[in-house]
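As written, the chains take the letters A, B, C and D, and residue 1 is the first residue of each chain.
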């Protein structure tokens, strides 16, 4: 039972007095600051800030009006959310079910502050799971290797459903640069390795062969550069020579589902900002 | 090569506009905020804040003058440090050397922003290590079980040396309540268990007997309640049935030295505030 | 697709030549050893051993005949399983769904080598989840505080279904000593703290109040001593002053489900032996 | 105060009855097995085994005689140590002192079962530390970029001192293939990244740039392939966007020293076998 509140995510070139100006304006309109966290990148003097404040008139539009003059003055790139806002999410998956199940069961337990709208897949394997959780299942097969056609089909579905965020729960297709332009910094993927090690296919086989003593999983925003988007969160687990590749795959499932859900959790709490190839993750 | 800066640690009852007031005053005097982190305790509406700002006139006294009116207005409990400030530290130890060595070698490597003034001990075992690192070694033996006399001896040494902070590097004596009044929130201990489990004597024996699968170490401020002071940091490591008590003791040494040094590091960076039996640790 | 194999778990007083005798007999009958791990408790000279061997005639009865003379000679306490064996499991739960969902989805993904036979609960809250996964749901309410009557009801159901192992997935009732005699070393519980810290009720509230910097979860066999049975596995996660009790509860769910499933996994792979209040967990 | 014992490390093609044969021979000569751990590589049917046994006549030569016929029969590659054996170690370092200090202080605390014979370096920076610990310091400068000459100088020193194992404690020179032939599987390095990510120079800069959320350190045997030798152990620590490259370097020091010492500890306990590019690490 959280109090009504507003969350601001903003970035701009650092200048003297910005925090004072923002917090002054918030106080003036009777906003009571609950959380404030900022970060200045020492290399390029860029300021990143997240402020969350309680207010009795907690609607996004009102506060946009209050704050807009400051946003203009400081040339800020901003996101402003009220506490009623919910992202509209589609999950994309292929054949593996563990990440899908993890997101679905967390949503069922009210852990995720989002509308889970639909599941889309290039296969039909996971349709029964969508049914178990009473969610629409959209089959978008890749016919005759025509990826462009499949993406158009998928995009049409997403647009019609007003999806704003995609969660790739082990979706084993590479999305085209054109497709990505529709969801910049809005597609969250889970890669089954501790990136940048073992990018590309069969990371557990690569890890076994190299003889590493720790394996990992990485959740990141999808960009044109394969497995190279800004990292949101990573997790690891120790392994030994005893683990076969199959054992690594099974251990990795725990990592993948925890890591993807943690990234999604941070994203839905409006705690993640992108800066070039890196993320600012507020705690 | 850090820029000259001021660090403020403050706490008070939360009120609307405090952050705006502080940051406004800092900007007014040309302070350029490098870090700001705050925390509001939801239970008792207490605000905790740490602000660090760059300034060309970075001396503590000047800024105390600038900020004092605000501190009065908001009834703030404050600590204010300029970047030239260094805590004056005494290490208290008994016979075990691993934590002592860890602090000494880190100080030698310029990892610790502090004056390491002296080593005091109730035994002479570690005197050669003090000599290795060219530090005074003060032997304060406990004669005829007269702890009060020993503490008076020790306190006299510490006061003469203008010590403001004590680091207990496996010092195996319990300090009296009277002694503690001289260094409130200024004595950092390492306990060789994951508190509150296994407080008191022989924690590794207790852990082995209970059959835990993870052991830990805890660094905390010393208070009258034994092993019950506010925790600064904790670390853990997995173990198995194969480890004997001796193996646990050896594994634990790694934890103890890392954990104590991490706590000391946070303390010296002015990142730790105490709130009842808990700490606020800014990152 | 594992090769047919036999798994032996055994313990006895350590004597010269036991391993030679066991491995000789296994070789004699054309058993090809895949894994062998032993442990000698240094305090009481007790030997614990797990041997797994491939064999073309991999049935439990045949090998029991081969090995029985040795078991007699060395006064061994043994468990012998062939690779067709599956434990018959009942899950006991109350109102919280995350651990239940985790076990169910892992079973669905064929991660657990067991028959999941039924779900029993003192509440009806989780009945829809049983239905989602097509499993019988047995409601065993506690009426007029008559725990003995409820346990008799529950035991009747379990016996009729030939259940040999109970998984307590956040089952919030204390089982009576009498009940426990029916499933010695066969009831696996998840406790939502890093035991022995914070046993009993509301561990996350206790942890918050104490100000620990790491929280944990513990999976253990249930014995008469509350939260004091032999520990199978434990997990931890770092926290900060920022986490409210509610945040700890949510973070803890990740730990609880991972920890319980890991314990169940080890148990089903016949890797866990109990020795007094401790476990031997073969890797 | 360990009992006198023998440790065997062996590998060969897996065959029925090997463990029975070895354990039978050991029992026959009144060896009382303390630890036995084996591993069969499923891909190439290679057996790796470590056996440790107590015996009243615990000298290497006697047991070599007892076991040699079996070693011949099974074409085993073996290492056999009695409990009086100590490796003779040289530490190679350059300018950074944290790993050197960690090994020296552990040796001082009797944690390492080895003779620490000398420290060699291409610089004189660390000479005072050698003096602190009363160890010979051998300066082997690289003059006029003549690496071959420097290596010859170094090798001469090592051979004269009967060194059998080299520990590279942040030694910033690449050893030539020719040099490596003198110490196969006998040179332990620490690399300051979570390999295979960020091999080569300036790994912390690479890690910062890529925006990873976890950094690591890797200890491995040195082979001709740079940073690509068999990994002995790895450690990691979480980081955030707040850490500068300098902060990563400082955090990394903790990892490096713990990781190198752990690898050295495993090696000195005769628990590490190499198999192609991987290691078997017995626990």
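Please note the rule applied: contacts are C-beta pairs under 8 Å (C-beta built on N, C-alpha and C of every residue); 3 or more make two chains touch, one makes a residue touch a chain.
Because the structure is predicted, anything quoted here is derived from the model rather than measured.
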Shared interface numbers for subunit C and subunit D above half of all numbers used, same, or below, different?
same
Quick one: which chain's Cα centre is the longest way from subunit A's?
D
If you tally the C-beta contacts, which comes out ahead, A-B or A-C?
A-B
In whole angstrom, what separates the CA-based centres of subunit A and subunit D?
41
Take the average of all CA coordinates in subunit A, do the same for subunit C, and state the distance between these two points in whole angstrom.
35
Using the touch rule from the top of the page, what residues of subunit D touch 2 or more other chains?
240, 242, 283
Quick check on the complex: what are the subunit A residues that touch subunit C?
97-98, 101-102, 105, 108-109, 111, 132-133, 240, 242, 250, 253-254, 258, 261, 283
What residues on subunit A touch subunit D, complex-wise?
39, 42, 194-198, 209-214, 216, 230-236, 240-242, 244, 275, 277-281, 283
Subunit B residues within the subunit A interface of the complex
14, 16-17, 19-20, 23-24, 26-27, 30, 32-38, 40, 238, 283
